[in-house]
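Beneath this line is the structure, given in structure tokens, with notes to follow.
Labels run A, B, C, D and E following the written order; every chain starts at residue 1.
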């Protein structure tokens, strides 16, 4: 079996005293690109917030590239290359596009690569190059999503987690974004993508997990792509 | 016997008036300690306690008064001042316990005078402040007479500070100066807040330098700022500042700038070189607490000794009526002069033979009493900033 | 004059950015008008302008049922019957679900006392399947329920025109299907609706008419099926992949 | 001419003082969105420390040592204030109000500790330099001249720090989106600690400057805090240039009002103008909504 | 948005306060009780703007002081009957609240703190400047007390003032709990939670803001009047920062989330502050530490402690929800 990139075991977490994750377990091998689907509010974002150190795990372990990162500080997890692009692309609203991207490379390693990374992001999203001096507050939803993903790339990720990257994007931008993510994957970055739109995952993911009620409910996989029909089946079967 | 009697010091022990309260308390404690070491009075030992008026809001002051009232063996209240307005008088009068106070004469008088019989237990070791309104022109005339001051013309500038202590003095001095033929060339009133920048006022004064500058600002830090900023570009004017330069640190805050400034005090200790008791208390206070006291350390010290005298005569500290009556009959030479109370106002009598008004000039950090003659420790001099 | 809403040449700029440029369109009684357009094309800004939250147009005129409302304040607009939802889930988080609705009821519902108003509020909750959650704080209910609650509070204002800003964004497939039913249902009651959405299937199935904005301007207008096959729309908005969507 | 002279000199001194006082407060407020009410108490604490180290009645180690010690102590205090009074509450919804409360408590703690440690009597530091300087026909002390020069330099330095250094950008970023900052690998707590320590050092510096022209009491920072608040708010949230402009406006405004209306009405006028101004421009001079 | 008040607890609380003077006539305890009751009125009415309204109103204590000064000046200097004290205090306070509300209408968050605080400072400056009327920085004295025939409210250890304040507290608590469950209250909370959304649902922002301020100002005005007549004095320190902070600590320690929090805060804090009075400035150190600890460990304040304890007990009894597979 291939070496594991991420190994999540019996993870429990929640807000206040309300549990959201109920002992979720799954593992991702190196080189895999995983899609996550599931009903709203069933803990997908919570899972990532726990992985990236924003939220304390109540119990369970998270192992990333062989090292235990459970409840490590967020900054340390970022330094290891596990990078989470959160849902809702909030960004630093009063900083410019360029400043936002720079801060994406705050960790020591990426800092040195900053210039090259920025060029890479601009090549991927030419629109951002045009708007590098603009405050993010005034960008449209689609542009902000690009900046958010760009910031994630700036951190030189080993594993990039995209939480609902297409939320609120126009169909055209969705397609553009899918191409961009495919490009990112081709460049050797492993991804986990959460989506409500199965089509988006279809060509990107090698395996799809359905998260429901705080656990992995079902999963399907297929080499080099997944059948649309099976995803939709999976989805409707349990909604 | 092991009987104790508690003397309560009422005051705000934190905040802007903390120094007054603390020094009053220290002075009283010092006296009590001495008396206790000497075996107490009539078998009573003295215990001095703080009664904190906290934020100085009326309810907090009243709470302190209520705490006093509930104190076992409360013998007397000794205080620099219980509140700025003296409103606690009404309540203290009801308790009947002897109450001695060292300042804020205007307020105490205005409350007591309409009905002195209601306040049989309340007596002020400070005199009426009326003399503050009238004596300055006399002293200036004496300086002119002895040649230490030679004004080209009889003009003056005056600054009021908008508080009930300074304003009557400000108004009175204007009247008194005018009556003696002085012409006012500048007149302004500053609010009762921290004033850091006097330059605008000073520049206006400098535009037409008067012979005399009078500042009735009584806050020592405001007054020290005024002094320092005046000295940045002094005019040939005699400078008089009300009361504030008497506070010990005024000299620290102004250093050599203060040489030559005039001030006066009613109810302040008589200069140490003339009156040994002042030196004695001052030295003991400094030995005990490590720094010089303002007026309140001295007066509250004296209050405790006065109380001891009365207790010796009356015998029972809990007989408030007798104690108060005995207090009312006080006639005693103290650190600040002869204390005898005016039955109309319950203030100490002021004037020749009683508590004097003293004028001082600061010279190289020393406070030289220049007036009246009998307490003078030196002669007035022409301020150094005169060419 | 059967237009319940008429928008005539409105514009809005933010500094140098012209978010809405000389836009005109109208809405008929009981019509569902879909609005699509690339991100940043001014759709939400249009709703902001119409409802005066937080600003009105720089120029142009807005009429509701024939009356000029361009100078009206946000509350007068609500009283005129124009009520919106917001693009992100919005609620009064510390109020309970039913209190969210109660706050939105107009004065007349309270004329007969609080009990009557509560009854009225329950009717709205019932029709959105929210009755069981009525006493939970609004912040604790699920995303889909919060979206529905936001629409319920809008309806509590008794609008003549309902503006929906991406009501189905982030919803799962089955939920999108339900949302379509829900929009149809409110429309059947005679309400005029304008709905902004990026989910084309939703737009196509609920709208009588579709307009597409681009850079603050009207790019296309017409029957939904015609509009989505318009090459300009495909070029600017749907993208080449639209064919296999 | 007289009017101009008086207003210019007095206004410049006041304004520069306000810049100094507001600098640290603005740093924490503009970047982290926290109102640090210990600011005034820190000024007092620093002045006392400097006095103790420098004064012959204290350790008598000279003014320079006093200044260094005071700034170090304030920075440490700032660090502690963050650690004890702000950090534990981060992420709570009412953080603004909670921070008002906890820092107010901290201010009371520091002020009353100072009262207990140093007593209620007023103290003063030596001026940094002797002598005086004439500007525009008015004499001011050399010490005040230093303040006039120091104030803009310090703000320039602060601005450059926030603008051009990694730490500076990170501090700004943390204020705008804490969670996204964490996900970018910024150590949020550390940024708070740094910002607080720098702000406290600035408060300390202004306390020392003030302690030599005004006087040291436990309440030394009370009035400056109020002025600094007004300046920062007037300048507008998130705007350092706004803060500087606010300081000069308040300083010159006060001097002008004192000249034409008299000191008597100046404070009331200041508050009235301030309230009126905010009613018209709710976000201050340069603030964003 | 709020748990139903337990009627028995309310009844018990007021019953104790009603009976207290019958079993204890110590004048110190009476004074402290009166002051605690007055602070309770201030705290629970302040909660209307600060807690429910989410408006950082730092002028509440100024309303109180304005009420006290207005009552003092009009009854002492202008010869109004002391019985007009309450209406005078209320009117003055409400007028002040409307004045301060006007500039605040357009402001948000921390800006409001400054403007409302500046309003208090402005009042203070006016009080200081109008020395003839107000007594300047030394304060106003000899305010006429309340009397009915020969019965003075000061008689029997201030029993008149005690019951008058208690009655005002009862009215305040009743008014606040009505408010928290009324349409008015919901609308106020709605504006706090999300202003734009509330406006989009037809909530009249300016009108509600003004009403909130005016409504909340009735109570400090009333209790300010009684305060002035009780202590027969008003002092500029009532506009001061220490006094404001004292009241604010009571409110926040008690908890802004409920009707009872501020009342509990007022009682606990008044008593505590009295007990510690002999400590002098050291008292402030203890208080400061206490405030921070309570905010840290009981974020909902004293009022949150019972439910927190209940939660702990329940949690101890029930095992943690086990991970369940669906």
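Going forward, contacts are C-beta pairs under 8 Å (C-beta built on N, C-alpha and C of every residue); 3 or more make two chains touch, one makes a residue touch a chain.
Treat the numbers as computed from the prediction; the structure is a model and nothing was measured.
Using the average of C-alpha coordinates as each chain's centre, A ends up farthest from subunit E. When chain centres are set by their Cα atoms, the one at the greatest distance from subunit C is B. If each chain is reduced to the centroid of its CA atoms, subunit C and subunit D end up 48 Å from each other.
One inter-chain figure worth recording: subunit C and subunit E are separated by 43 Å, centre to centre, where each centre is the mean of the chain's CA atoms.
Look at where the CA atoms of subunit A average out and do the same for subunit C: the two points lie 30 Å apart. As a whole-number value, the distance joining the C-alpha centres of subunit A and subunit B reads 75 Å.
Multi-chain contact residues of subunit D (touching two or more other chains) are listed as 112, 115, 264-265, 267. With touch defined as above, residues shared between interfaces to two or more other chains in subunit E number as follows: 125, 129, 281, 284. If you check the complex, the residues on subunit A that touch subunit C are 37-41, 88, 138-143, 164, 167-176, 178, 196, 198-199, 232, 235-236, 239. Residues of subunit D that touch subunit B in their complex: 2, 5-7, 9-10, 13-14, 17, 112, 115, 119-124, 132, 138-141, 213-215, 217-219, 223, 254-255, 258-259, 262-267.
Put simply, subunit E touches subunit B in their complex at residues 26-28, 31-32, 35, 38, 125, 128-129, 131, 135-142, 227, 231-235, 237-238, 240, 242-243, 246, 273-274, 277-278, 280-281, 283-284.
The residues of subunit C lying in touch with subunit A in their complex are 14, 17, 36-41, 87-88, 142-144, 166, 169-175, 198, 200, 236-242, 245. Of all the residues in subunit D, the ones that touch subunit E in their complex are 35, 84-85, 88-89, 92, 96-98, 100-102, 104-106, 108-109, 111-113, 115-116, 222, 226, 229-230, 233, 237, 264-265, 267-268, 271-272, 274-276, 278-279, 282-284, 289.
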